[in-house]
Amino acid sequence: MTVKTLYRVKFFDTDTMGVVHHSNYIRMFETGRVEFLRQLDLTLTEMMNDGILFPIVDIGAKFHAPAKFDDELEIETIPEALTRAKMQFSYIVRRCGDEKILAEGTSTNVFTCDGKICRLPEKFFSRLVKGL
Amino acid sequence: MTVKTLYRVKFFDTDTMGVVHHSNYIRMFETGRVEFLRQLDLTLTEMMNDGILFPIVDIGAKFHAPAKFDDELEIETIPEALTRAKMQFSYIVRRCGDEKILAEGTSTNVFTCDGKICRLPEKFFSRLVKGL
Amino acid sequence: MTVKTLYRVKFFDTDTMGVVHHSNYIRMFETGRVEFLRQLDLTLTEMMNDGILFPIVDIGAKFHAPAKFDDELEIETIPEALTRAKMQFSYIVRRCGDEKILAEGTSTNVFTCDGKICRLPEKFFSRLVKGL
Amino acid sequence: MTVKTLYRVKFFDTDTMGVVHHSNYIRMFETGRVEFLRQLDLTLTEMMNDGILFPIVDIGAKFHAPAKFDDELEIETIPEALTRAKMQFSYIVRRCGDEKILAEGTSTNVFTCDGKICRLPEKFFSRLVKGL
């Protein structure tokens, strides 16, 4: 399954070059990831309430063309690996209704309990794995 | 006592108008406030470790002239009230070595324990009050 | 007229206290303001293309209760003054479907041409004034 | 040459997990890059004044251990390629005085004139290349 999330570029997302600052695509990827998980009925709050955190261990992004203030963007979130040990996603950002890729990226989260790497409990894994 | 904190404007602080986004002055005020408290040997981490939080209850700012990328700013932090119930500060932001005021503002923090408003314990208050 | 804009709290909006950082309400106010203007068919991009900027000259906010990660917020944007010289708005932030006010605030923008305060051209003013 | 830039973690850099949000390391890398260029007497403002922009085309980061509020970090900026066509850097973030790597990353900027990829003029290249 892939999930498409809409995001309207805010003034505070832009910089002096008149385009979205590159760090804000990393935030868009997170927005896409959270919505992907929500569609699996998985919320980070529920995981945190159970003592499970999900630190990001790597990210990457390529920027092909700039987005500007007020652009309506579509963040496509694509699962690459959803296991008991990690969640890997890739992302594609386009303007709505436009095929051209503005930015694309990847991320990996692991799961931790009490500050140590752990395996995702069945309660959450059974939902996560449906996203593949 | 007043405390002056230097801050170099980052590219990500600016927006499409080529100036520092107004929300980032609110962040500069926080930077000034934290440095003010540090000079009193008061760190927010120590307070949090003791279960004391310090939510902001109001802020205000006036913007007179824009700061731009790479400007070296000076945030002047001025105590207005430092009591067991609250910390009030005002702030003035200028370019280093320039009298002209770019922005000024105010903030009020209160103290909470277990989610309820509380009075600041002596351990911290005795340090805080030295800032007046 | 008042405009209600939905905003889902992002992980990157929160801080170590587990709540939305106060500076991010100022950004929400901007999000509400931009949507208010869009409903009047007024886009900041069109104004910038005509050489008109709209610097913020003051903001204020009061924080009554914290919003947390993933909360679905409603930003109510209320016009206070919409003239050829300035736009003043007030804002109320609540959780969707909840009467309780989490935060409220105000802002004033003026208009500038070539870096100087100017009066808003009729082209834009005729649309802006319909928002009252 | 490598350049070390100090950065004190701000409250607004952190998130609900009590650590620096991963997107903010990307901003730290930029802070390091700007300081690296400043030591070569190259400022982005001077380049922009000459009509040269420097969009980021890719970034990557690995996160090994979290930084927290108030940590004093050291961003080490290392040139990987400094040519007329691009600037590539790698970055290592540590706590001051600690060998442990918290985060590391890479970035590539290209140069553009009038929105098209261009070769960096001699005026700037002669300074940039001294950074190798």
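First chain written, first letter: the chains are A, B, C and D, and each begins at residue 1.
Definition applied: contacts are C-beta pairs under 8 Å (C-beta built on N, C-alpha and C of every residue); 3 or more make two chains touch, one makes a residue touch a chain.
Quantities reported herein were computed from a predicted structural model and do not represent experimental measurements.
Student: Which chain has its C-alpha centroid farthest away from the centroid of chain A?
Tutor: Result for the farthest chain: B.
Student: Using the stated contact rule, I'd like to know whether A-B or B-C comes out ahead in C-beta pair count.
Tutor: Pair with the higher count of C-beta contacts: B-C.
Student: Once you find the CA centre of chain A and the CA centre of chain B, what distance in Å lies between them?
Tutor: 32
Student: Using mean CA coordinates as chain centres, what's the chain B-chain C distance in Å?
Tutor: 23
Student: Hunt down the residues of chain C that sit against at least two other chains at once, touch-wise.
Tutor: Residue numbers touching two or more other chains: 11-12, 16, 23, 27, 30, 68-69.
Student: Which residues of chain B touch chain C once you look at their complex with the stated criterion?
Tutor: Per the stated touch rule, the residues are 16-17, 19, 22-24, 26-27, 30, 48, 53, 55-64, 66.
Student: Residue numbers of chain B touching chain D in their complex, please.
Tutor: Contacts found on chain B: 10-12, 27, 30-31, 34, 43-45, 68-70.
Student: Going by the contact rule at the top, pick out the chain B residues touching chain A in the complex.
Tutor: 11-12, 14-16, 18, 21, 23, 68-69
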